[in-house]
Structures are given as C-alpha cells and as structure tokens.
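The following blocks contain the structures, represented as structure tokens.
Two complexes, one shared chain (chain A), two partners (chain B, chain C).
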Partner chain A sequence: MSRQGKLRLQKWYTATAERDKKKMVRELMQVVLARKPKMCSFLEWRDLKIVYKRYASLYFCCAVEEQDNELITLEVIHRFVELLDKYFGSVCELDIIFNFEKAYFILDEFLMGGEIQDTSKKSVLKAIEQADLLQEEDESPRSVLEEMGLA
Partner chain B sequence: MPAVSKGDGMRGLAVFISDIRNCKSKEAEIKRINKELANIRSKFKGDKALDGYSKKKYVCKLLFIFLLGHDIDFGHMEAVNLLSSNKYTEKQIGYLFISVLVNSNSELIRLINNAIKNDLSSRNPTFMCLALHCIANVGSREMAEAFAGEIPRILVAGDTMDSVKQSAALCLLRLYKTSPDLVLMGEWTSRVVHLLNDQHMGVVTAAISLITCLSQKNPDEFKTCVSLAVSRLSRIVSSASTDLQDYTYYFVPAPWLSCKLLRLLQCYPPPEDGAVKGRLVECLETILNKAQEPPKSKKVQHSNAKNAILFEAISLIIHYDSEPNLLVRACNQLGQFLQHRETNLRYLALESMCTLASSEFSHEAVKTHIETVINALKTERDVSVRQRAADLLYAMCDRSNAKQIVAEMLSYLETADYSIREEMVLKVAILAEKYAVDYSWYVDTILNLIRIAGDYVSEEVWYRVIQIVINRDDVQGYAAKTVFEALQAPACHENMVKVGGYILGEFGNLIAGDPRSSPLVQFNLLHSKFHLCSVPTRALLLSAYIKFINLFPETKSTIQEVLRSDSQIRNSDVELQQRAVEYLKLSSIASTDVLATVLEEMPPFPERESSILAKLKKKKGPGAVSVNELEEGKREGGELNGGGERGGDGSAIAASNASTPSPSADLLGLRTGPPVTAAAPSAGSLLVDVFSEAGVNDDGFLRDLEPPTESSDSLLAEGPGDSDSAPPSVVSEDPATPLPESNELLNKFVCKNNGVLFENQLLQIGIKSEYRQNLGRMYLFYGNKTSVQFVTFTTTVTCPGELQSQLNVQSKTVEPLIEGGAQVQQVINIECLTDFTDAPLLNIKFRYGGALQNLTLKLPVTINKFFQPTEMASHDFFQRWKQLSQPQQEAQKIFKANNAMDTEVLKAKLLGLGMALLENVDPNPENFVCAGVIQTKAQQVGSLLRLEPNAQAQSGEQMYRLTVRSSKDTVSKRLCELLAEQF
Partner chain C sequence: MPAPIRLRELIRTIRTARTQAEEREMIQKECAAIRSSFREEDNTYRCRNVAKLLYMHMLGYPAHFGQLECLKLIASQKFTDKRIGYLGAMLLLDERQDVHLLMTNCIKNDLNHSTQYVQGLALCTLGCMGSSEMCRDLAGEVEKLLKTSNSYLRKKAALCAVHVIRKVPELMEMFLPATKNLLSEKNHGVLHTSVVLLTEMCERSPDMLSHFRKLVPQLVRILKNLIMSGYSPEHDVSGISDPFLQVRILRLLRILGKGDDDSSEAMNDILAQVATNTETSKNVGNAILYETVLTIMDIKSESGLRVLAINILGRFLLNNDKNIRYVALTSLLKTVQTDHNAVQRHRSTIVDCLKDLDVSIKRRAMELSFALVNGNNIRGMMKELLYFLDSCDPDFKADCASGIFLAAEKYAPSKRWHIDTIMRVLTTAGSYVRDDSVPNLIQLITNSVEMHAYTVQRLYKALLDDISQQPLVQVASWCIGEYGDLLVSGQCEEEEPIQVSEDEVLDVLEGLLVSNLSTPVTRGYSLTAIMKLSTRFSSLNRIKKVVSIYGSSIDVELQQRAVEYNALFKKYDHMRPALLERMPIMEKTGTNGPAEIVQTNGETESTILDTKHLPSITQPASQANDLLDLLGGNDVVPVIQTTVPTKPASAGGELLDLLGDLSLTGGPTPTPAPSVPMSQPPFLLDGLTSQPLFNDIAAVIPPMTAYNKNGLKIEFTFERSNPNPNIAVITIHATNSTEADMTEFVFQAAVPKVCSFPSSSTVYGEL
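After this line comes the complex of A and B, so read on.
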C-alpha cells in the first residue's frame, strides 16, 4: 500500500469473502499508516501478527500467524523488494502500478500458498526472465497507432 | 529497465492506467472505468473473433479495474479461453485472472480444471508450474478432489524438474490445509520425508513447509524427519557463510531453511536417540554462540536473519523445556536484547521471555530482569512494546514480587494507552487475587483500580471483588470500611458506587458501630451519588437501601421517605419504579423476620473459574494464558450468577438459596469418609448445600494455608462407633443430654459463623449466623439426606440452668414434615443479656420410617460472638493491659499446638474470633494481640488478648501461651477455654 492509503498489490492465501477483504484492508491501512518511524515493525492485529516495513512511499505488510517468526517475515518482505528491484531496475511505485501483473508473477514465483517457494534470488529471477523470453518470442511488437486505436 | 521494456507490449493497458491516474476526481475515474468496461464488453460480444493478444489485454484491464476495487461480472469465459492458449503470456494472464477473481461457477470450474489437467500432463515445466500455482491460489474443494491424487506423484517422481517439485510441494500443502481428508500421503510418506535430503536447497525449503504441516497432524508417521532435520540443520549451522552460494543471505547461511527446520523440530519432543540429541544440542549451542560473535555486516538484514534463527532456536529450547543450561543461556541472551537499540529486538525479547517465565528452569532467571522490564513499561515509546512489557510482568509475577508488580502496573495504568487499559485492568485484578496474601491488600488494589481506570473496569472485575468479599468473612469488615472511605471522594466512578452499594448493603453493619460511619451516614453517602448514576446502578442502590432497612431498622423511615418520593415511585424507568414500589411495600408490610429472611446476607458463590480469567482468555485467545494459571484460577473460582444486581431481588435470593447446587456438597461427602449406608443411598447428592463456610474453605487461598485436619468440616459427624452401617439411630435416650461430640462441634464454630454443624446418615444441619452488638440471628438448615420423609419433626431450643437468665433465645417452629432430599430452615433470634459460659441446647425429634429419632446438640453461641473489634495503638493497648492487672481478671493457658503454626491461619482465626487484630503492638512480631468489647445488654466487657506461639519449645512440641485479660473474670476464663481449643 502507498503512504496515501492506496492499495497497490494484495494477495490472500486463505479463502476470504470480498467484503471481508475490503474491510480488513481498510482496517489494516489505518493501523499501519498511523505508526511512526522507529516504532517496532510488528503488531498484534485481530488474532494475527502484522509484520510491516516501509520502503520509500510504499508499505509492505504481511499478516502471519501467532507462531510464525517475525524477523524472518521481515526478511521475506526485503527479499521480495530486492526481487522487484532487480527485475525492474531500482523499482519505484510507478513500476508496480503499470506492471502490476509482473509484480504478481514475481510474488507468485517467490511465495506460494503463503510459504516460501525459493529463497534464492537467482532462481526466482531466472523463472521470470524465462517467461519474458517466451513472451518475446510470442509477440512481434505492434505499432503505436494500432495500440492507441484500441484504447 | 531492460527486462520490462522489451517484454511488455500491452501499450493499451499502460494508456488506460495513465488515464485513470490522471483522473482528477472519483467521479471522473468511475466515468473512465465505465467507458472502458463498455468498450471491453462490446469487444467480447462483437462478431469479430478476438485474437489472443487482444483477449489478454482486455482481461488484464478487467483485472486492473477489479484491483482498483470495482466489481467485475464478466470476462471469466475469455480468461478461461486464455488458459488453453499455447502462448505463455496469454496463459499466464488467464491464470492470474482466475487466481484473483475465481468465481464458484461450477461450469467454469470444470473448464478451468480441464485446462489445468492438460497443463499438468504437458511435461512443460513452465506450464506445469503455472497450473500448480493456480491450484494453490484457488485451493477450492473441487480442485482438491480433482488433483489431490495426482500432485504427490509429481512431487516425488524422479524425472520432475526441481522448480516443479517446489511448486508441487507447496500446492499440496495448500490443498492439505483446505481439504485434509482428500490428501492422502500413505505410500508417499517416506519419499516426501526424504526430500529433506534433496540436493537442491529450494526443494528442501519448499518441501519442509509441507512436512511441518503434515507432521503436526500425523507426528508418528513422519517422525523419521527428526533425525534428517537435525543433520540438515547441523550442516547449515556449521557451514561457512559462503558455502551455500545464493542461499546465503547477507552472510547468514540459509536463514529461511534454518528457521523452518527449527520450527519442524518443535512438532516433536526432544530426540530419544542420544547421538541425534547431542548433535542438536550442539547446533543450539552454536546458534547461541554465534549471537555473541561480532556481526559480519552492519546491514540490518544480516542481524535480522541471524536473530530470526536465534529466536527460533530459543523457541525450540523453550518447547523442549528440559535443558536448564540452554534455558538460562537463552534468558541471558534475551536479557541483552531487552536493552538493544533496535525496537524490534526489544519487542521480541519481551515476547519470548514471556514463555521463558513459565518454565521452572528459567523463571528465576527471568525475574532478575524485573527492573529493566518495569523501565520498559515506563519509557518505551511504542505502545506495542509497552504491551509486551506488561505481558511479561504478568508472566513473571509470583508471590515474591506480586506487590511490586501490581503497584507498577497500577501506576502505569494512570497513563496507559486507551487501547490496552482494559486488558491491564484484567491483569491487575487477576494478579491481585492470585497472589493476595492478605485480602485487605486485594480489596485496596481493586478499589484503586476502579479509582484509576474506572471506565475500563469491566463488569467481571467488580463482580469478582464482590464474590470474594462475600465468600470471605475475614475481609468483609475491611471492605466495608475501605469502600466507605473511597466513596467519600467528591467524584467517584460509577463502578465504585456499584461496589460500594453492594458491599455496604451486605456488610454496612460491620462498620456501623463507628459514629463516623453510622447507618444514616452510610445511607446519605450512597444516596448522594444516586442522581449521578445510570439506571442499572440506581437499581442496585435501591436494593442496597432495602437491605439497609433490614440491617438498620433505624434507617427505615428515612429510606421509606426516599422510596416514596415521586422521583422513585413515579420514575419513568419501569425497573426503577417497580423496585421502588416493591421495596416500599415490602418494608411496610413484612414483619422483621420475613424481611430478615428475604434480605438475608448473600450466600457464598459456588466455586468456578474466575470470570476475569475467562474474560482475559477470551480477549487473548487460547494459549495466551498458561495451564498453570488456568488451574490456579479454577481453584480460586467463584462466579457471580446472573450479574451483580441479584442481591437486590428478594425472591431471587431465596430461589438461589434453594436451587444452587454447590460443588462443596460433593466435597463434604468425600471428606465424611464412611460410605453413605444402605439406609440412605445416594441421598447426599440430593441435598442442597447452602453452607458458606464449606465453600470458603474450598477457596484455593485458604486451602493452601490450612492444615488438612482443619478443613475436614464434617469429619466429626462420623463419630466413633457409628462409622459402620449401624441402624441410623444415633440418638441418646435422654433428650437433655447432648451428644458426646457436641462440645467439639461447638468448638468448631468459635471462630466462624457458618458451616455444617452436624451430619449423620439421615440428617445434615447447617448453620449461618450473624451478630451485631448484643443481638444475633442464626439460621439453621435441616436437610433430609434420605429419600424418605421425616414426620413429626420438631426442634426445641433450651437454655439450661443459669443460662436462662443470661441469654434470651427465641426460635420459630419448623414445618413438621421434611420430604426426602428436602431442606427446611429455622430462624433463631438471640439476645445476650449478660456474659455466659454454657451453650443453648438444640433438641431435634422426628420419625424416620416409624423409628423415633432424638438428638441433642449444643448451639454454637459463644460469648465471643458478641465482640465488637476495637482498634488501638500500641500505647493504648499497654495502658489498658496494665489497668486490667488484678489476678482474677487474667486467665492464662499454655497448650500444645494441634495444627501447624501458620501465621495466616492464625490471623484468620483471630479475626474470626471477632476482636481486632492489632498490628505493630507487640514488640515481638511473632506474637498476636487483639482487642475487643463484648456487648451484652447489661454491660460491656472490654477484653484484651495475647497469643505467643513458641515454635521450638523444649519438649520439641510447638506450644502456645494464651493470655486473656478482661474486666470480668468469667469472661477471661471462658474466652481462654474456648480459644485454647482452636490452635
């Protein structure tokens, strides 16, 4: 989520009704955005623990269970940010807005069902780059005019 | 941005996103979105078949719109079509849309499953991974049904690519979490466990999540994973920071995997195999050692990763709870973190120490950090850290530091954040109760709590203080005095008024002797708060008023005046109006006896789990409160039935009296020893128990302190000789001769007013009594323990010999018939004319199955019941002591201790005697001194008492010397006799 309270990317690993999701996101934003710098990165929320970290204009939050390890979750966030950074090349909020589907793909390669699939930066990026290569082979670039006409 | 620009061709999407971002208002945004939705809809419906690229682009736009928070109700079919595309990116977007927006449309699910099936069997690892991701993202039951059989095969097949194995493991985990019944590992178990040995670290990382979850559910089937996990962990821990290449994270080798291995081990007890255990302990030591090494990097990621492993290792050490050395080391390590500059570490250290506090090996080590933790509570700037500090203080609290911790928590409450006040209040209330060495401290603490944080004192808390005061007669006078003082504050919290109203209504008589708190003063004080209170509190106060009328007849006219006023009797609130009308009527038409019965003191509350503890548990969820606490909480039980206002409703009192089966009935049955004979099969359980003293004795606090013999209330009922199944006629022929054990029975009631007076196979007699000035009222409860009715049941109370002129005893007649299992009550009014020695006799006659039963007991009315406690300073005491120096004014006895010398028990008994127990009077702190005035109609007899325990007398026995001085020789003598039997 952004500092202004816009949700940029969300991923749910448990079945949750749309209405509840919206409510939880709203509530969570309120709690997290109200935190001051230097406060600790963990907080209890409902029966979960929230682990969050701010990178520039974006807050990255994970809701984890009671027995999960907070510090390692913090590094899950960091590793994800590193992956984004590596892929987009010094990532900024706009990259995530305009390439939200890529951000999802990267997240999916890194985490699956809420668990870490692979912690190696190389492996994850290799998977994503392979996909991009496939895409390149698939498509010949289209003319700008054609694109504009479609929009 | 090379990777992005070359691959990303959906310019239309980018333009759309820019448009949205350029919208100046919400309305403009919605307008733009609706335009786009219409466009996409027409494209999808159009005659011209869309190519894959266009479909992909529109589906992606829909996804974006959805993520902006708008509903999407079409496009699913186009997304499903994309799944069967051969082009990777089209397939990928299709899957993404399905994952984010899956709809329970069964038709679609069938189509989606088909596409997934095709991809899974495609042998193209990228496609397989996409399909597995989709299953994991959706995780629905239909998908589990379709694929739960296939995925384990993919996971363990020799030719599966590593990346696919990783996805398969986590996909299976997701299915197992949603539909465990469909995921059957059976034949695959061993091969899955052996994935822990896989060469590829990524595979191990993914597989271990699955194995951990499966182990939690089926620990036996997966227990071979323990030794594999230990050796894997050992290899990682001992590897150099560069050995693991890309799996080294900021110089820490495989932190994620390490944490997961340590987490997996927490599913099991310590390894039985000595070698494995040794290796593991070595690992844990290495991890603890590494924490002391200088950091290899200044980056926070390095220390986070390192400490993540450390905290997980400490969790494992706490989980094993068997290695004192490691536990203490863990505690020391956390102690260092308590003062670390990283807030996160301070937070986690406080949290982790909380669990260490509950281990017997490290509890003491944790306690050494008390000052740091108190400091954290005061100075941390982050409320969540302060909350952890409060939790830890709560966890490390025990008898030795309870007063300090409770005091700190109370003072913190004055400035605590609103969000945690209620929980803090609950915790203070629980600690105060659990570690109350003297109950006056408890009462002080709770009243302070109400004063400081009245708004956050939930009903449970003030109910609880009332439960405890009602169940413990040694604190009632103090509670009345304290609450009376607290109410004098010009502004006091409504909760204080509630507690005050309730306690004064029950026990105001105990402080009415002091002119500063005379009945009328008490009433005026309560009534001065009345108009400021809410309706429920006013209702409670009205009930307190009617109780006042019973306690203090002199207040009757004043209170009736209040009840009669328009603001009460015509109150617009129905409940208040009804109470006013009923209480007014009750007070004017009922006789004193009826009034006394209806408004008698509340019976003790049955023993149950503390309502506060239950509330805290509910608040924190299970697991937040340790088992120990729960058990202690249970022992100390007692819960207020139906809320705090019950006291006000006369009929409710009577009903609860008759229908509350108390657990102490069972306890009594057990303690009586001999089995209930054939004459009265199972009848004991029919009896309704209303005897408070039994309940109080079962209260955890006293039970801990009292020597076992003391609590066996009804043991004496057994009597020598009738322990077998002799015919149930334990009667002496001569009605005038009391039972041989009746003197002993009498002695049991010297220091208490309530309890079981007598019990045999047929009959149980319970007593409740109360005394004020020279007047007493005693309630006798005759319980028929059999299933057969007693007929011609009569009781007579007589005062033999000169007692006739000393005591005036009047009893009501009882109903001549007691049904099987039923109980009848008799009220006896007693007036003390002058001092006396003997006890009145109670003769009971009835027929049981044709046989006449006849027994005589002594009624436990003893001279000390008419004591009024007198507080005095040391100087006054010795002056009066000297004044009573004539030889006949003193009585002294030296006697052996019958019970262990426990200070608290002694104090409780002396308080029960009715005198004031004077602190800091006797120069020897071991000794007890008391002062009181016996109120008789004829005169007042001042008495002083001194009890000197001698724990090591020459004979090796524990001895007491008891000295009583009073202005009347017979009183000194009698008190001395009575008391000598008590210790």
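After this line comes the complex of A and C, so read on.
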C-alpha cells in the first residue's frame, strides 16, 4: 500500500468474506501507517504477526503466523521487491499501479499458498519471461488477421 | 459498439479524478460499459474488461458480476485469457461462492495441458484458493504431477499438495508414496517446496512424523552441503547460500527432533556448525541464526549447545537492528523458564531495553524483566521497574503495577522496603492499579504490625498531596481508620513523626467524602474510616455529626452505612468498641490463587458464631470488603478474590463466613442450607443481635446421621478441637449392620477450601 493509504496489491491465502477483508485492510493500514520510522518492523495484530517494510513510497506487509520466522519473512519481502525491480527495471510505484496484473503474475510465480515456490531469482524471472512470450504469441496471430481485415 | 478502452487508459483516467465522487462516477460509467460488453458475449474484449474490473475491485468497488466472466476466460484456449481469468478467479472468487465449483473441470483439463505454464497457472490457482471440494476432486491430478520429472511442475505440485492437505487432512496418505524421492532432487525449488510439504505432513500427523524421522540424516547432509558449498550465484543472498532453504530445513529438523533423543543427537553437530559459521552482519544471517536458536531450544540438545543458543540471543540483544532485538527478547521470554540462569546473565541488557523507543520492544523487555526478578536482584530490578513505571505508556501501567506487586510480594527483602515500594507505585500509577490490589495491599499492611505507624504516616502525607488516585485513597483511608490513633500520637519509629491533630485527620477524611474526585467506593471507605476513629479518637461529637449527615445521603450505599453507624451510636453503643476494634492479622493463603477464605484468629472469640452448615463459601472480595467495613473490627476477613467464584454465594452465607466460622459440609451428602437470613446488609446489624449466631460456643451441633441405607450407617459428630477452638473436627462413624462384610469402602470428601484434612482426603478400608 502507498503512504497515503491506497492499496496497490493484495493477496489473501485464506478464504475471507469481502467485508471482512476490507475491514482488516483498513485496520492494518491504520496501524502500519502510524508506525514511526525508528520502530521495529514487527507488530502484533489480532493473533497474527505483521511484518512490514517500507520501500520508497510503498509499504509491503505480510501477516504471518505465530510460529513463522519474522526475519526470514523480511527477506521474502525483499526478494519480491527485487523480482519486481528486475522485471520492470528500477521499479517505482507507478509501474505497479499501471501494471498491477503483471505484479500479480510475478507474485503468483514466487509464492503459492503463502510459501516460496522457488528460491532462485533466475528461475522465477525466467518463468515469467516465458509466460509473457506465450502471451505475445497469442496476441500476434490475431493482430495479423486484423491487419488483413479478416478479424 | 466502440472497442472498450484499454486497461492502462482506464487507470490513467481514474487517476485524474480529483474527488471521490468524480472517481465513483467514472467507475460507474465504465462498469456499465463493461456489463453491456459482457452481455454481448464478446470474446475478443472479455480479457480486457475483466482486467479493468480487477483494477476497480482493488480500488474497493464491487466486481462480483465479473465472476462468471472469469470462468469463461479460464475455459478459453488463449493463454492471455487464461492468465487473466485465473488471476480474476483468485481475486474475486473463493470457496464461499457456489460459482467456484464450476472451475473444477477447467482446472482439471488445464492440469493436463500440454503447456507447462498453463499447468502452472492451474496448480497455482488451486493451491491458493481451492476449496475442500475442489481439492478432493483434483487431488489425484496433483499427486500425479508430484511425480513428474519436470521440476517446474513438481515444485508447484508440492505446494499445491500442501494446500490440499490443509483443506482436506484425510488426503494426506495419498501423497505419501510421492514423497519418497523428493529430497534427492537437485533443484532448489523442488527441495524447498518438498521440505514445506514434509513439514506440513509432520505437523499434522504423529504417524507421518515417526515415518519421516529417518530422513534426518539426509536433511543434515543437504544442510551441510548448503553451508560448505562454494558461492552459487543463483541462490546466493548476501553471501549465504539459499537462506530460505536453510531456514526451512532447520524448521523441519526442529519438528523431527522434538522429544526424540536419536534425531536430536544426529543434528547436534550441524546445528553447532550453523550457529558458529553463519555470518551475522546482515539480516539474512541473523534469520538463519534465529531459526537455529529456536531449533536448539526445542529439541533435546546437549547443554553446551543450549548455552551457545542463549549466547547468540544475548548477542542479538546488543545488535543495533531493533528487529533483531525484538526477536531476541521474544525468544528469551520463551526460554526463561527452562534456562533461567543462562538468561540471567543478560539481565542488564534486557533492563536497558526497557528504555527503548519501540513499544513492542518495551513490552517484551518488561515481561522478561518480571520473569527474571529473584531474591538477589530485587532491589536493583525494582529501581529500574519503578523508573519504567513512571515513564511508560498508560497501556503498560496496569500490567507493570501488578507485576511489581507480585514481585515485591515474593522477594521483598524487608517489610519497610515493601511498603515503600507499594507507596511508590500507588503514588505514581495509582489510577492504573487493578482493583484487586487494594484488598491485597490492605492485607499486607495489616500483617506488618511493626510498620503500622510508619505506613499510616506515609499514607497520610500522600493523601495530603493528592486525592485523585482512587486505589491510593482507598488504602490510605482504610489505614487511617485502623491506625488513626498511632498517627495522632506521633509514634513513628522509622521516620520523623509528624504532628497531626485529630481534627486535621478528620478534615482530610471528610474532604474525601465531599470531593468530586472520590468514587462511591472511596466514599464508603472514608465513612467507615471515620466511624472506626470513633473508638480511637476522642472527638466523638464531630464524628457523630458527620455520620448522621450522611444518613440522608443520596447514595444508597453511604446512606445505609451512615444509618447503621448511627444505630451503632444510639442503640448498640455497648457493642461499638468491640465491633470497631483493630483488625486482626490475616493469614494469607496466596495471591491470585483460587478463591479462598482465610481463617482468622478472632479477637472477639466470644462472639464467634457456632459452626454452621453452609453449602457455599466463596464470594466476591468487594462485597466482602463492604460487609467487612460494616462490621468494623470484627474478625473475619475473606480475602483476595481474584478469580470468579465458581459457586454462587448466598448473602447469608457471606455474613456467616464473615463472622468467622468453619462451614462443615463434609461427606458425600451436602448438608442443607442453614436457616440464616438471606437478606442483604440493611438487616445485618439486626441480624447480629437477633440471630442465634451469637450464641455461646458451648452449644455444639448434635451428631447427625448422614446416610442410612442398605445396612450402612454413617454418622457425623462434631466437636471443637482442643488446641485450636477455631477448628471443628468432624468424626465419621460408619457402621455396617448387615451380616456380610463390606469391602473396598472408600471415603472421599469434597469440601470447600476452608476445611482441611489432617491426612489424605481418601480413606480406604473395610467394614
């Protein structure tokens, strides 16, 4: 989410009602945005632990369970940001706003059900690349047909 | 119809909106356009429309009408469509919508698609939001993919399996055969997800856990390779090889080693190696160390290793990074019970953390500090804690105050120190102190007989300064009521005695009565205190006047008290000195323990009532306090009730208990409730005189037959034991009037806590 409290990406790995999701997001936003810069990156919220990190104008927050390792979660967040950075080339908030679906694709390639799928940055990026190629192949035949006026 | 606008276009447009209303308008317009486009069943632009819908959904607008469209996209052959369709499914659908089941077939087909990326999409969607029905239907496919040689799919299938197991634990067995070769993979992705899968299975099923214990050597080997192997650019993070995998393996080892000696032994070396060789300059290294410490503490590790772990935590505490300090404090809190001495060594660092700026760190440090207080360090620690109490946030004050009281009680080096500490807490954080501390403190003060003068003097001085903190005021007024004579006579040994006259004292107490800051409870305390002073001071007229004024007070509680005290002056003046005598020493049976009544040594034994049968004894302390105050100096003090009483008390029961008896409900059959007035205090004093409660003790309860059936007769006889007249002894006679023997006679008694048995509560025997 952004510093002004606008949601840029959200991923839920447990089934929750829409109304509850909104409420939780609002609460979380309030709590996290109220944190001063010197404070530590972990806080307790309901029965979960929230790990958050600020990158420029965006806050990345993860809610983890009691037994999860907070420090490694920070690394997970960092890895995700690195992936975004590599993909978009020096990512900034606008990139994520205008290409949110791509950001989601990257997230879904990196994490599933809340766990890391692959620890290698290279693999994840390669997979996204390939998938993007597939997408382009999809689209090009159509534009050719359109060009010929047959679509 | 013109082509629907592109996604980027829409985003740009919406961002130009300057107000919420403007944005809403744009969105509504676009939604209408999208809806009509959907109605036209236009395949070409469906993808674009759904993407736009997802964007609007993220902004917080309803998008449920797009759910079916997502399904159509998933069913399409185009990869682009599928990609957006699956994304939409994950964002808009979950198991709560019935529609989601329609996805199942599509996913099934896609799981068998020729393109691995399509398979990947399907696995991902299933693994993120699959419902139990979907999981049940598709588990077979997932299992198949778990065995494939394609590592890209294998890793995804593993995580998908994790989700399936979470949703439908019974299916766990199904994945067991596929796990056989998982750990022999070279691909880190597969390794990582396999470890996650194994962890999930072990956490859920003890059978699986024992089954997988044999993997410990293999895991140790993998971990070793990770640490020893050279630089691997693909998995490197700040110089450490694949920290994510390392952490995951450590976690699995923790689960496997817990409670098992052999496994724990097998991991000892590698844990020591990781603990000593890991770079600590960056967060990554510390993350691994943290996980290692958690593992060491959970398994049956040797003591050297444990000390190593605690030292690592100690080092963490000194780290500049507050995250690390936080994590260290949390872990130390977990281990302080088991490895107390080791943690003590880091006490000073922990205490320093009390001054940290971060709220979470402060809280952890406070909890840990309380856990570390012991007889040796109590003085030093208390200084720090009191300082902390002064400066901390209001949310902490209540917990801190209670903690300080507990610690002070357990380890107070001297009574004077104890009282000073309490005074300090009351004056600094008085309003945050918990309600039950007031009776606790009163009891404590009563028990420190030699400190009475000192205490009352200090409390009086504190009252002069500030009457806003209710617990302080309550304790102070109670003390002044009890020990006012000491105050006026200026007998203090510990401190410079102050010169106080009776009128000044009464001024203060009356001030409390009229002040706006006093709560009704406080007023009750001060009125009673004034009353008690009638036997200790000589200004009787003044006191009588005050008491009669409040006889018409609006506050019912005050009025009641005043009326009764008036009655005491008029009708029962002969009883007044006895009733208002000094409170005897209360025996403490433990703080915060289960609700108990304390037996007291009654000073006015002649008025102790006879033994009575009562079904219940426990009662809330506040009521007790009121009655206590009403009776003035009479002996019984039901003390400290911090837990909710499990048995409901009858009002009459309280009265009787107050008057200091033992209730006798021995034996298997509860005795019937006594015929005591069940009414509330208004009739209390009347009750005192008219009831047979005040009969002389000499009357003993006649023996009673508790049980007489089938030839077994059980009789109770009651008598007072000679050494201690407060104890009644029940003797049970069991007679067997049949001809046969009765074997295995077991007598068990359930009694309220007031009673105690000389030996065990169960008697075996034969009749």
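Note that in this section the second predicted complex is superposed on the first by the 139 of 151 C-alpha atoms of A that agree within 3 Å, B and C clash if a C-alpha of one lies under 4 Å from a C-alpha of the other, contacts with A are read in each partner's own complex, and residues count from 1 in each chain.
By our rule, contacts are C-beta pairs under 8 Å (C-beta built on N, C-alpha and C of every residue); 3 or more make two chains touch, one makes a residue touch a chain.
Source: prediction; values computed, not measured.
Enquirer: Considering only the touch criterion stated at the top, classify A:F42 as touching first (chain B), second (chain C), both, or neither.
Expert: both
Enquirer: For A:S123 in the superposed arrangement: first (chain B), second (chain C), both or neither?
Expert: In the superposition, A:S123 touches chain B and chain C alike.
Enquirer: Output check: A:Y104 vs chain B and chain C. Expected answer is one of first, second, both, neither. What do you get?
Expert: After superposition on chain A, A:Y104 lies in contact with both partners, chain B and chain C.
Enquirer: Given the touch rule stated above, what does A:A34 touch, chain B (first), chain C (second), both, or neither?
Expert: In the superposition, A:A34 touches no partner, neither chain B nor chain C.
Enquirer: Check whether A:A15 is in contact with chain B, with chain C, with both or with neither, and answer first, second, both or neither.
Expert: The answer is both, since A:A15 touches chain B and chain C.
Enquirer: Pick one for A:E66: touches chain B only (first), chain C only (second), both, or neither.
Expert: Touch partner of A:E66: chain B, not chain C.
Enquirer: Touch test for A:F88: chain B only (first), chain C only (second), both, or neither?
Expert: The answer is first: A:F88 touches chain B but not chain C.
Enquirer: Output the chain A positions appearing in both contact lists, the one against chain B and the one against chain C.
Expert: 7, 10, 13, 15, 22, 38-44, 69-72, 74-76, 79, 97-98, 100-101, 104-105, 108, 112-113, 115-123, 127, 130-131, 134-135, 138-139, 142, 151
Enquirer: In the complex formed with chain A, which residues of chain B make contact?
Expert: Touching chain A from chain B are residues 1-4, 6-9, 11-12, 14-17, 21, 53-54, 57, 60, 63-64, 67, 69, 87-90, 92-93, 96, 100, 126, 129, 132-133, 136-137, 139-140, 163, 166-167, 170-171, 173-174, 177-178, 201-202, 205-206, 209, 246-247, 249, 254-257, 259, 263, 301, 304-305, 307-308, 311-312, 343-344, 346-348, 381-382, 384-385, 387, 621, 623.
Enquirer: Quick check on the complex: what are the chain A residues that touch chain B?
Expert: Against chain B, the touching part of chain A is residues 7, 10, 13, 15, 22, 38-44, 47, 66-67, 69-72, 74-76, 78-79, 87-89, 95, 97-102, 104-105, 108, 112-113, 115-123, 127-132, 134-136, 138-139, 141-142, 144, 147-148, 150-151.
Enquirer: Could you list, by residue number, the parts of chain C that touch chain A in their complex?
Expert: The touching residues are 7-8, 11-12, 15, 44, 51, 54-55, 58-60, 78-80, 83-84, 87, 90-91, 94-96, 115, 117, 120, 123-124, 127-129, 131, 152, 155-156, 159-160, 162-163, 166, 188-189, 192-193, 196, 234-235, 237, 242-245, 247, 251, 283-284, 286-288, 290-291, 294, 322-327, 357-361.
Enquirer: Considering only the defined contacts, which chain A positions touch chain C in the complex?
Expert: 7-13, 15-17, 22, 36, 38-44, 69-72, 74-76, 79, 97-98, 100-101, 104-105, 108-109, 112-113, 115-123, 127, 130-131, 134-135, 137-139, 142, 151
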